[in-house]
Amino acid sequence: MTDFISLEALAARVPDGAMVAVPADYGGVAMAATGPLIAGGGRGLHLVCVPTGGLQVDLLVGAGRVRILETSAVTLGEAGGAPAFIRAVQDGALTLRDATCPAILTGLLAAQKGVPFIPMRGLIGSDLLRVRPDWRVIENPFEPGDAIVAIPAIRPDLALFHAAEADRDGNVWIGRRRELALMAYAAKASLVTVERIRETSLLSDEVTAAGVLPAIYVEAVAHAPGGAKPYGLWGEYPADAEEIARYAAAARTEDGFRAWLDRFAGAPSPAFA
Amino acid sequence: MSPATDRERLIATIANLLDGVRHVAVGASSPIPAAGAMLRRALDEGRRDVRISILGSEKHNFFTNGSAELFDCAAQGRIDAFFLGGGQIDGEGNINLVGAGDYPRSSPRWPGSFGSGLLYYVVPRVILFREEHSPRVLVEKVDFVSAAGASGPGVHRTGGPHALVTSLALFGFDKKRRRFVLAGVHPGYGVDDVRARTGFSFDCAPDLKPTPAPDAGTLSLIRGRVFDELAETYPRFVDAVRGTA
Amino acid sequence: MTDFISLEALAARVPDGAMVAVPADYGGVAMAATGPLIAGGGRGLHLVCVPTGGLQVDLLVGAGRVRILETSAVTLGEAGGAPAFIRAVQDGALTLRDATCPAILTGLLAAQKGVPFIPMRGLIGSDLLRVRPDWRVIENPFEPGDAIVAIPAIRPDLALFHAAEADRDGNVWIGRRRELALMAYAAKASLVTVERIRETSLLSDEVTAAGVLPAIYVEAVAHAPGGAKPYGLWGEYPADAEEIARYAAAARTEDGFRAWLDRFAGAPSPAFA
Amino acid sequence: MSPATDRERLIATIANLLDGVRHVAVGASSPIPAAGAMLRRALDEGRRDVRISILGSEKHNFFTNGSAELFDCAAQGRIDAFFLGGGQIDGEGNINLVGAGDYPRSSPRWPGSFGSGLLYYVVPRVILFREEHSPRVLVEKVDFVSAAGASGPGVHRTGGPHALVTSLALFGFDKKRRRFVLAGVHPGYGVDDVRARTGFSFDCAPDLKPTPAPDAGTLSLIRGRVFDELAETYPRFVDAVRGTA
C-alpha cells in the first residue's frame, strides 16, 4: 500500500541510475522534491520528460544529476532557453535522446499496454529518426510499401509528479492531466507530492473518481503545499513568471545557478555531480 | 482609424490562410497566430463554427485527455491547421527546432522538436510563422531536420507546409516541386528585398502582389474583439500592440 | 457544433451499413435509442461491441438489423445467454467476428492514435487468431523470433451510447467510463443520449472537466431520462435484473421476442430485416 | 459449528491457491472465486495487503480508466491471479468460451471469449474454476480454442493455468508437459471417480490426498466476514449458501 513520507524520504527512493519520468511545466511538476532530490536522491539519472522539460529538468541537469535526457524540448517558456541544459549540451555532458512529444507518449503507451512497441506516423525523413537508432522503420503489415515508425516501450523505474490531492488510501486526484496517469501506468512505481491529503476516499463519489489515479500505481506520497511553485498547478495557483525569469537570468552563470538553487532549496546544495 | 500596423497585417494574413478551417490549434507563446485564428473565428461567425485550441491555455483548452489528445486529434484528422516555427527553415520546407551546427553539441541549441515530428505530417494546413526574415533563419539546408517538409511515396502524409509567413513576405508551398512560392510581399518591400534576405531559392507566383492590408471592418474586429479575446491569454502582448496601434 | 435532437432524429442518423460501436452492459447503453433505431435507423449494420454486448445487441440482432457482429461476448449476464444472438449464430444469419476484449480495445486505440495497427500480447495458439484473418502475427522488430499479434485499427462510423449529462456546448460527462471516450475518439462521430442537459459548462470547473468527453467528438445529443433502462447507469440507477430476466425468458421464441420489443419500444416494431 | 459445505471447501481451496498474491481480479458473476479472494485477504490481514478487483462491481472496483485498465494492469504484471471458466477445458489447458461443434455455427453457442485471449497469457496464476466436473466439460480437445493453455518458444508468456478447481477435485498444471496433475480429491470421491468423469488423461501428484476442509478459524471467517463482504456484491448467492450452512 502507499506510504506517506517526507519529501526527503521520497527523494531517497530515487536510486542512482534510475529512469525517472517527469511532467511538462503545465502538468504538475514536483518542484518541492527537486532540492531533496539533488541533496539526497540518486545520481546518473535517466530523465524522461513527458513530453517536455523546464525548470526542474534544468536544475537537475545543472546539478549534474542527469546522465541521459530523453525529451521533446527543454524550455523555460516565455523566459527563454534553459541555461543549464544548453551548457550541458554544448559541453557534451549529457547523453541526449531528442524526441518529439507524441513519440514519448507513444513509448509510454506501449509500456502501459505491456507491448514492446507501438507504431506512430510522422518522423520519416527527419534527423530525429537518424539520431534515434532505437526507433525502427517497419512496414505496415496491412499495406505493403507503407513505412511506419515503431517506437519501443518506455518503462520508467519511477514517475515523479505533483498533484492537488491524495486520500489516505493513496489515490491521487489528477483531473484532466491524464499524461500523469500515462506516466504512472508505464512506470514501475510513482512518487507523488500533493497540495493536500484528504480523509475521505476520492473514489467515494463518481465525480471525483473520474479524475483519480488509483493507489495501486502510487508507491509513496509526500505532503507539499505549494509543491509545484514557481510553476503553477491547474485550478490551484498560477505560475510565478517573474521568478522563472529571475532563474533564467541567474542561471546564465554557474554561480548564479547555484545561488538560485540554494535559495530555492532552502539550504546549500551538495557537490554537483 | 489609424492604418494597419505590420503585426495587424500579419494577423489578417494568417486569418486569410485559415479560410474554411473547422479546428485550428495554436502552440504556446504564439500571440500572432492565436490572433489570426481568433480573427478567422470572428469573421466566420454565424456562417461556420471555428474551434481554437491554444496549448497551455486553460481557457482555450477543451481537451480532457492530457497531452496526448492534441496529437491524437491531429492523427484522426480532426485538426485542420496548426502553426510551427523554426530556428531554421529551408527551401524544401524542412524545419529545425533543435539547433545549429553539429548535433548533438549544437550551438545555438534551441529547445527541441516539440510535436513537429508528427504534426507536420498529419495536419493539412501547417502555417510556418517566423517574424525574422533573414538568411540565418531561412537557409538553403537546415542543420537538423526536426520534421521534413515533404515526403516521397510510401510515406503516409496527410499534412505539411501550407504557407510561410514572415515580417517581410508570404510564401505558399508547392508540394510536388518541394519549393516555396512567393505569393505576397509586405508593403515597402520588393521581390529583390525578399531574395536578398532569403537563404534559399524560391519561385514567384504569377499573380504576385503586395500582401493586402485588412479592410476597415476587419481592422476594427482585430482592434476590438480579437485583442479583447487575446488579452485573456496574452495580456502583455496586447498591451504592447495596443500601445502602437 | 453538436445538434440537440430527438431520439427518432438521432436514430435516423445511423445509415444502412454503418459501423456502429456500442458499449457493454455496465457502460452506458443507449437503450432508449434501440426502438427508434429498429424503427427508423439503418439496416445491415456492423456492430462493434466495446468490448461485449448484451440486451441492445440482442434486440438489434433479433430485429434483423445486424449484418456483421464484432464482439468478445454477447450475454445477458445473470439472466443467461442472449437468445436472439444464439439463434442468429445457429441460423448462420450473422457474419461473426469473434474477438477478445483487449483486441477490440486495441483496434479502437489504433484508430484513436491514427495508426493502422497496434500490437497486443496473447492470442497466439488460439482459434480466435484462426477465424480472424484480419489479425496478423508479426515479428517484434526489437527482438528477433518474438511473435506478436498486430490488431488493425477499428474506425467506426458512429459511436452510440448513453451518459449522465451533456451541457449546451455538447460536452458529455462520462466519468470513469473511459471506454466511451475511446469509442468516441475512434469513431468518425458520436451519437449520445443523456439523462440531463445542464445549462452551465461541464468544462467550467476542473472537477467535472476531468470526466468530460469534449463536444468536438459529439455530433448529436438526445435527451432521454432513464435512457439506459432496463440496464443501470453508474451513479444514477441500478439495472432491473427482473426485467432483463423477463426478456431472456420471452425471447426464447420469436413471438416472445417481438412482444417484449413492442412493449419496450412503446409501439409495434416494423418488419424485421 | 456445522462441518464445511462443499462450497465452503471450494472457497478455502481457492484461498489456498491465492497464497502470496498482492492483487487478484475476479470476473463478473463469480461468487465462489470472489469469496476465495476475500478469504485470502482476511487470512493475510496485518501481514500483507491483498487487493481484489471484482469486474462489474462498483464497490470493489478501483479502476478509473474504463474497460482497458484491467487488461493494461495485467499486461503490466500488476495482476497476480485471475479466474477463468470454460464451456470446455481440455487436457492441455486450452479453454473454449465460444461454443461446441463447428464454428461459426456453434451449438451450443456460449457468450464468447471475453478477456481470455490476453489474460490467460499474462496473469501468472490463472485459476480455472468450473463446478461441473464431467466429460462434457473436461474434454480431450476443445472444439474452439479461446485461449491456449501453453505456448512454445517465441511466444511471450508470463501467465497461464495455475490450477483447475471443480466440485470434485483440484488439479495443478505442469507447463512443460502441458498436462494437468491431480492434486486433491474432494471427500467422498476417489481417483477413479475423477478418471471416470474427466474426458482428458492427467497425471497424479505423488502426494495426492483429499482436499482438506477449512479449519474452524477459517470456516468462521468464511461464514462471518467473507459472506458479509460477499453479500454486498452477491446478495442472492449469500442468502442461498447461508441457508445451507
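By letter and in written order, the chains are A, B, C and D; residue numbering begins at 1 in each of them.
Please note the rule applied: a residue touches a chain if its C-beta (ideal position, glycine included) is under 8 Å from a C-beta of that chain, and two chains touch if they have at least 3 such contacts.
Model, not experiment: these values are computed from the prediction.
In terms of C-beta pairs in contact, the better-connected of the chain pairs C-D and A-D is C-D.
Chain A and chain C have Cα centroids separated by 36 Å. Annotation: 29 Å between the Cα-based centres of chain A and chain B. If you average the CA atoms of chain A and of chain D, the two centres end up 40 Å from each other. Those residues of chain B in touch with two or more other chains are numbered 63-65, 75, 122. Counting partners per residue, chain A has 109, 113-115, 120-121, 146, 148, 176, 181, 209-212, 234 as the residues that reach two or more other chains. According to the touch criterion at the top of this document, the contacting chain pairs are A-B, A-C, A-D, B-C, C-D.
In the complex of the two chains, the chain D residues touching chain C come out as 28-29, 56, 58, 63-68, 71, 75, 97-99, 103-122, 144-148, 151, 153-156.
Of all the residues in chain C, the ones that touch chain A in their complex are 106, 109, 113-121, 136, 138, 140-143, 146, 148, 150, 152, 173-176, 205-212, 234-235.
Partner chain A is touched in their complex by these residues of chain D: 23, 49, 51, 62-65, 72-78, 122.
Contact residues of chain A toward chain D in the complex are 1, 111-115, 171, 181, 185, 203, 209-216. Contacts from chain A toward chain B in the complex involve residues 24, 26-27, 50-52, 71-75, 77-78, 81-82, 85-86, 89-92, 96, 98-103, 105, 109, 120-128, 131, 145-148, 176-182, 234.
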